[in-house]
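Heads up, the next two complexes both have chain A, just with different partners, chain B and then chain C.
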Partner chain A sequence: MFGEKAVELVKEVNRNKDSLSPYNTDLIEQVNKEICGLIEQNMEDANASIAGSSNTAAYIPTVNVRHLSVQRNLRCLLSYHHNRVRCLRNMRWEFGSLLPPEIKSNLSSSEAAWFSSYSTSLAKYMRSIGDDGGVNLGADMKPPKSLYIEVRCLLDYGKHQLGDGTVILLKKNTRYYLPRTDCEELIRLEIFEHLIN
Partner chain B sequence: MSLVLSYSPNYFSIDDILASQERTPCKFLTNVPKLGKLNPASEDDDLAAGTSLELPIWLVQPLSSGRHAIIAADLPRIYTEPYREILKADPVAVDLHKFNLYFYEFGLYAKSFDIRGDVATTLIYTFITRFRKIMDLADNMGLDPLINDGLDMLERGLFFEGHKARTKLNNWLIQTGMQLEAANMVTNHKKRKRVNLEDII
Partner chain C sequence: MDDSMGEQFDDSDLNITEEVAAPTTQDFGLDDINTSDTEALTASQVIELMESAWLNEKFSPEILPHKTEIVDCLLGQISYMEENLENLESNDFQKSLHQMETYRLRYLVTSYLRIRLEKIEMFNYEILKQEEVREEKNEESYLSAGELQFAKEYKENLEQHFDNVLSFWPGLPPDDWKKEYIKPNLHSFVFLKSKTEIEGVIIDDGNEEDGDLVDFKNGSQMIISYNSVSNLVKKGDVQLI
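Moving on to the complex of A and B:
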């Protein structure tokens, strides 16, 4: 049956909705081959019809079926790439501009290029808003209630520079009382835990 | 966001692609030369008129419509009269997940093969009757993995969204402080990494 391999790709994206599986070069190559093969066969039959050697209308259903299969394959391929890029875009907002190496190794080279260009445009846009140096759209995902918050460090992170220039050493299971703006990113990356009360 | 994406005008929709991959019985009306391999039971080069096959609905639908139809499509088994009777009796008791993963979305395609419109009526009736149960589940249950067993993918999406919204509302009603949390993807990524490490050891 045509289009089986292409659906395999879509299933793969469907299985890992929140993460990226390794870019499946192998399967994509196979789907490409199938598409090329179908188009070539169609050309052949179409040319045979034009030459008028056989009953001209006989091949119409065949060509039709093949053409539909080509369209289907294309749709699956495009959907695979589109949904991967969507996931990648979400990752920019969740992980920040630096992706963990495990994820990076799963990207194709054009996906990696897309990610860095998306990051650049986003940074440029954020700098351009307002008068004084722009707005960080990644900050304050929830409305702030106080300037300082209490946090607990979840791992031995090492040195970290705060917004005012002081450097502190983050150790596992230590508590800090810090400006909210300094903590937010680290909380999102699960280095800090926000303590309430 | 993911719910909106599932509807058929969306070219990239994963759900739509998977739903249209489901097979339906059909019969060829004309000879199709050179495509004998579509029929795994025969070894001929050509596909003869009158052959009955089960083909994915993405292929059947365009081929069976229009003036030059080369396929006559049948209703998929789960939308035939006996199954419709079961659904009419009590939609809530049915395990839709076993019927088909994409019961409603597949039904949207299948309904075009049913001229009398019974399939469409059944789909709507089933959804309306079951929706109350889903809402009830989403509002009142903890996240029990067994709950979503009998739901099809659309219902499952609704259930999870509803449950999430209810949890958020409850948290907001109870808590005064707004806790900052790690991003979802980050948490999942870390969990996965931990499993990988254990594999290596």
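Moving on to the complex of A and C:
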């Protein structure tokens, strides 16, 4: 039946709402092929109905069904891409403008292009806020509870400079009591784990 | 933290200006007795306005008129406070309190701007279309200049991306998807608190014949569908909670 593959795409994106699955080039190509095939058939029929005047009305139902299938396929296709873009957008807020390589490899080239231009316009917007040099909207994501928080380092990160200029050596499984602002990004990058007693 | 504490800081001989001390009063509803009369808008009033704008933006389904002046003003205050903080010794007890306060305020501003951005992205087409209409009528735009720029760029990017996706068949009508875009649900229900006496609010239940009227008393709280009160929210007569 027409449209089944396209629905499969939507299901796929629905199954992994929070993570980005690999760009499904195969299935998309199949859907594209289906759409192309349907359009071609429709054009053939349209030409035939113009050329041979006999019984034009007989073509209409099939043409209609094909047309609707094309519409439906397109809609599914766009839904797939739009939801991926939304997911990608959330990742921009989570990871910053540099994506982890394992996510990067799941993108199509067009998505990568979208991501970089999204990053650019977002950065431009952030710079435009306020009078002096803009505001980083990526910081202060959660309402602050206390100035210092307890964190555990999850990997051997090496040297890290704090906001006030001191450099500390981050080792795996060590605990720190640090200013919240210094930790926020590292927590998001999963270098630190926030310990809540 | 209460009023008396804020006052205490002012009395101390450390050189903290009023703007630094004033926002430490956590109860924004209280009048700040420290603030001078000469200022058009006191520090705590700015915060109060920002907080109200933030709550409204957070709970309304559609985007509200921008409050750039308040945001800029508060950002100015924050950086001023931060500058003053630099001059304090790091083991000073006051420093941590004020530092915490700047973080709170920062969260308030950034959260407000983030919510707006999310709406701009989600309802991109709808918002841009409304902006165009407003421009034609010479009405004040809802988006700030920066936000408008961002919205347009977002739209371009998305269209570029979708065009790439659909480029496999050159003759495809590319405009079809633009007709069906995501709109905010204006009929969703909101909690609100009235700030003044308002009479004769028409309850819009999507049924034109029987528009029931309701009166808001000052300080009364309601659950009502957003489109009945959208004008009041924009005018600032009610506060979404």
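Heads up, the rule we're going with is that the second predicted complex is superposed on the first by the 183 of 197 C-alpha atoms of A that agree within 3 Å, B and C clash if a C-alpha of one lies under 4 Å from a C-alpha of the other, contacts with A are read in each partner's own complex, and residues count from 1 in each chain.
One rule holds in what follows: a contact is a pair of C-beta atoms (placed from the backbone, for glycine too) under 8 Å apart; a residue touches a chain by one contact, two chains touch by 3 or more.
Predicted model only: the values in this text are computed from it and were never measured.
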item	value
Which of chain B and chain C A:Ser117 touches, first, second, both or neither	second
First, second, both or neither for A:Thr181, with chain B first and chain C second	second
Chain B versus chain C as contact partner of A:Ile35, first or second or both or neither	second
First, second, both or neither for A:Pro143, with chain B first and chain C second	both
Contacts of A:Leu77 with chain B and chain C, given as first, second, both or neither	second
Which of chain B and chain C A:Asp45 touches, first, second, both or neither	first
Shared contact residues on chain A - chain B and chain C	75, 78, 82, 142-143
Residues of chain A that touch chain B when the two form their complex	1-3, 7, 10-11, 13-14, 17-19, 41, 45, 58-62, 64-66, 68-69, 72, 75-76, 78-79, 82-83, 90-91, 93-95, 100, 102-103, 142-143, 145, 149, 183-184, 187-190, 194, 196-197
Residue ranges of chain B in contact with chain A within the complex	2, 11-14, 17-18, 21, 30-35, 38, 55-56, 58-59, 62-63, 68, 70, 175, 177-190, 192-193
Sites on chain A touched by chain C in the complex	32, 35-36, 39, 71, 74-75, 77-78, 81-82, 85, 89, 110-111, 113-114, 117-118, 121-122, 124-125, 128-132, 135-137, 139-144, 146-147, 164, 180-181
Contact footprint of chain A on chain C as seen in their complex	71-72, 75-76, 79, 90, 96, 99-100, 103-104, 106-107, 109-111, 113-114, 117, 121, 145-147, 149-150, 153-154, 157-158, 160-162, 164-166, 168-169, 171-172, 176-177, 180
